[in-house]
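Multiple structures follow.
In the two complexes below, subunit A is the common chain; its partner is subunit B in one and subunit C in the other.
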Partner chain A sequence: MRVVSSVALHVFKESVRDRVLFGLVGFAALLIGASYLIGQLTAGQDVKIIKDLGLAAIATFGLFIAVFIGIGLVWKEVERRSIYALLSKPVRRHEFILGKYLGLALTLLVNVAIMTVALYLVLAYLNTHFTDNARAVWPAPAADPGMLRAIGLILLELLVVTAFALFFSTFSSPFLSAALTFGLWIIGQFNADLRNFEAVVESPAAGYLARGLSYVLPNFAVFDIKTQVVYALPVPFSQLMTTTAYGLAYIALLLTGAIAIFARRDFK
Partner chain B sequence: MDAIRTEALTKHYRVGFWRPRPYVALDALTLDVRRGEVFGFLGPNGAGKTTTLKLLMQLIYPTAGRADILGRPVGDVDVRRRIGYLPENPYFYDYLTAEELLEYFASLFGYAAAERRRRVATLLDEVGIGSERRLQLRKFSKGMLQRVGIAQAIVNDPEVVFFDEPMSGLDPLGRREIRQLILRLRDRGCTVFFCSHVLSDAETLCSRVAILARGRLVASGHLSNLLAFQVKGWELVMTGLTGEALDYATRVGHVARATACGVDHYALDLPVAAAPDRVLSELTARGARLVSLTPVRETLEDYFVRQIADAPRDRELEVSHTDAGR
Partner chain C sequence: MRWRIAIVLVCLMAAVVGLQAVQVRQGGPLAGSIENVLYVRSPEAMKRLALSYDLVLADIYWIRAVQHFGGARRSADPNRRYELLYPLLDLTTSLDPYFRVAYLFGAVFLSEPPPGGPGRADQAIALLERALDAPSRQWEFAQAIGFVHYWWRQDYEQAAAWFQRAAKYPGAPEWLVPLAATTLAQGGSRESSRLLWQEIARTADEGWYRSSALHRLRQLDAMDELDRLRAVVEAYRQRVGSAPAGWADLQRAGYLRGTPVDPAGAPYRLAGGAVSLDPASPLNPLPTEPARLR
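And then the complex of A and B:
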């Protein structure tokens, strides 16, 4: 565990010094701040707009961070040959993969936390501009702690995306890894449509194929409860637990695959 | 117990895209390196030196054969606590400083923070990195990175250290410092396995060498044994040598070349087949006097070139060999 945490802390340190990350987080914080101005243009929808935009910004920029840093985690070490010195130390290959993953997970956690604080600050500031009567018609308070459930699932979704990026980076180039990860993320948003494909096609074979694929491919739509939290609709605890278990199982599966591939690899 | 032992260590790769063919990167290398020696692993570019080191570090897996370090298989994590490795042209993390890199690597060995800091400061002094230690590595020159690479290889005070081209990128002063460092490591009892194609370094540092060519071991042993008996001629320096005596010696084939060093003073190159005592007695009988007689031995470079030239050239296996590659 000591080795895994050393590798993870190193990934975190490298990541936070990467200007690309600063750019992404800075831009996300700016966008969340700007949502205040966009909210001003709408009649009585300020809070909703800011929440929608803020959560979308966290999910989108988190996705960019997960993919662009995730795809380079292993590839960069191999391509630049820094892995030679590292693996000659008492580091087992699975510890390397786990350390890399946890390091990026820590980076994501800190970045999502920064974006979340930015969102809550904007909402808290906006809250001071309204009377109690105006606030009474809102479906939820401005700085609603219930939003943390949506942010938690966004983080979990990002961790699954990171696991995909890491898995692909153990055997392919960054370009291919990015294409595959983004491709799976997009397909994963429409997983429910795949499952119901047989309702819109006449060929039973195509229907079965689509249904089969829907079970194999990830379902990223289940992590999205943004609409529910913005409108203060109920989100059952069991749904949160099932989604969390689903995400963690996917991560475990992908990391096991990444470790199995990496353990057999020759670094020529 | 040997520090390093390999038995028929073999690595094949598959080359070619449409019809992959097995390619012999290393062919049945059997080698033993004793504890406390500086062992030179020599060969031209592409001979298989780095492949051997990667197999010993388990960065690649062998097609056949086995390798042990300090009596344990190379994959053993406990062995890695006791060894160090400098890869060829090392590259590290752009955004870390030299201090941070070494602290990171030291943390992998489980040293406490205070011990890590002490080790890192000492090591950076030892490899000649001063105030630059707080600069990010992306700002380092090749020579500076090489010094950092050497420092990280000995961060755990290893019992066996593997250097792949340790002098690469260093200026003459840097090479001298690293040579001295290697000798200090040897004096501490550390075994140094040192890959190079710079033969002067090997001649200065190594007690034993192995020469690899085209994936095959072509020679190994004590440097003195490899070179001592390879006398390739004699240099006879005489004074009072008359023109008539010189003409005679040249005519009968005793002298291959004569170089005048002064009046009646000559340096004579005698072929290896010449009996120097006979030539000497014939010339002294003609009035010449002996100044010196020195055997001209083969240098490591001559030996190396001869071994490489004789090595088999074919490195592709017959397609019927199905055990190639992993």
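And then the complex of A and C:
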């Protein structure tokens, strides 16, 4: 466990030193701030628009961090040949993979936390500009703690995406890993359509195949409860728990796969 | 070396800013440039393309709808058109079915008669009917449908029916019940119109909507004042035998103390014995009243 945590800490420090990472966080904060200005362009709904933009910015910048850093986690070590030095030390291969993953997970957690604080600060500031009359018709308060549920699921989704990026980076090039990860993320948004594919095709076999794939491929749409939190619609606790379990199970599956592939790789 | 690069960068930046200023001075895009284009009109297709960004896209389409309406409304072009307004509102509310303001304001935008709007009360009602499945405050949408029937279609039976329906939704305000009764009994009267706008002005949570209601109330006040002034002009004509040439004649005859001004501060116009709003008054154009109540 000590080895895993020291690898994770190393990844985190390296990510923090990475200028792209700082740039992304700064840009996210800037976007959230700019969303206040965008709110001025429209007739009403400033708070709703800022919530929408803030949550989307957190998801988007987190996605870019997860993919572009995740795909280089293993590949960079192989490319730099530092993997030889690393594996010659008392670091087992599965510890290396787990440490890399947890390091990026920590980076994502810190980034999402910073973006969340920035979003809540903008919303709390904006809240002071409205009368009680205007606030009375909002479905949820401006700095609604309920939004944390959506942010929590965004983080979980990012952790699944990171697991995919790491999995692909154990056996393919960064370009291919990025393409595969983004591709699966997009397919994962259409999971419900795959399930209903048999309604639009004549071939029962194609329908069954699509339905089967819908169970195997990741369903990223289930992590999206932004509409529910923005409009204070009910989100059953059981659904949150099922989604969390689903995300964790997928992460465990991908990490196991990554470890299995990495364990068989020959670096001679 | 560093100084040289810095000087080159500053010079290039100045060139970029200068050339942009020249372009702005030349008058923006060339004739034939396409500004008002909506590439995807199908809400179903857009929902698919949105991935998990449906709320943000709805916001963008809403901002576009507001800008399209405002831009066309302020345009000096006599043939101004609002052809993208309904598709933009349709996309907005399809991507975000709970976008309350898009339904309420969108219906106001769509109902406004030309040249201030497209005058499509039918589309406004269609838009609002889709909002009735909202999780809360459904009464607002039912009341807004009644309002469109009342104000823009002058169909008082339908308006009263919708006000009654609105009153039955949970959380509906108490004033909807008397409003429905008044509309049915004396629909189209200025008093019932005033009651409706007063309630909107009192309860509106958005500044734009409230000022729109206050504007309508000022128009109703101006219509009352115009009626009074016309009666004064008629009384003068009966007494003197000819119409007054201007407000000064009425002042000299003791009918008025000064030049009357409308609620927006513009003086009323008296020409050829006819009283009207000054063409420059911001209260123009006054709403049309049903013939049977004039």
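Descriptive notes on the structure:
As a convention for this text, the second predicted complex is superposed on the first by the 267 of 268 C-alpha atoms of A that agree within 3 Å, B and C clash if a C-alpha of one lies under 4 Å from a C-alpha of the other, contacts with A are read in each partner's own complex, and residues count from 1 in each chain.
Operating definition for what follows: a contact is a pair of C-beta atoms (placed from the backbone, for glycine too) under 8 Å apart; a residue touches a chain by one contact, two chains touch by 3 or more.
Values in this document were obtained by computation on a predicted structure and should not be read as measured data.
With the C-alpha superposition on subunit A as described, subunit C and subunit B fit side by side in the combined arrangement. After the chain A superposition, the centres of subunit B and subunit C are separated by 150° when viewed from the C-alpha centre of subunit A, nearest 10. In the superposition on chain A, contact of A:203 is made with neither subunit B nor subunit C.
When the shared chain is aligned, subunit B comes close enough to touch A:82, but subunit C does not.
In the superposition on chain A, contact of A:266 is made with subunit B only, not with subunit C.
Contact with subunit B, but none with subunit C, is seen for A:18 once the two complexes are overlaid on the shared chain.
In the superposition on chain A, A:173 makes contact with neither subunit B nor subunit C. By the document's definition of touching, of the two partners only subunit B reaches A:3; subunit C does not. By the touch criterion defined above, A:90 lies against subunit B but remains apart from subunit C after alignment on the C-alpha atoms of chain A. This overlay, made by fitting chain A, leaves subunit B and subunit C with a least C-alpha separation of 20 Å.
Shared contact residues on subunit A (touching subunit B in one structure, subunit C in the other): none found.
Here subunit C touches subunit A in the complex through residues 48, 51-56, 58-59, 62-63, 66-67, 96, 98-102, 105, 135-137, 205-206, 208-209, going by the rule given at the top. Interface residues of subunit B facing subunit A in the complex, by the touch rule stated above, are 13, 54, 57-61, 77-78, 80-81, 83-87, 89-93, 95-96, 100, 104-105, 107-110, 149, 152-153, 156, 162, 326. The touching residues of subunit A, counted against subunit B in their complex, run 2-3, 6-7, 10, 13-14, 17-18, 80-92, 264, 266-268. Interface residues of subunit A, counted against subunit C in their complex, comprise 38, 41-45, 48-49, 52-53, 55-56, 59, 133-134, 136-137, 139, 186, 189-190, 193, 220-221, 224, 226-227, 230-231, 233.
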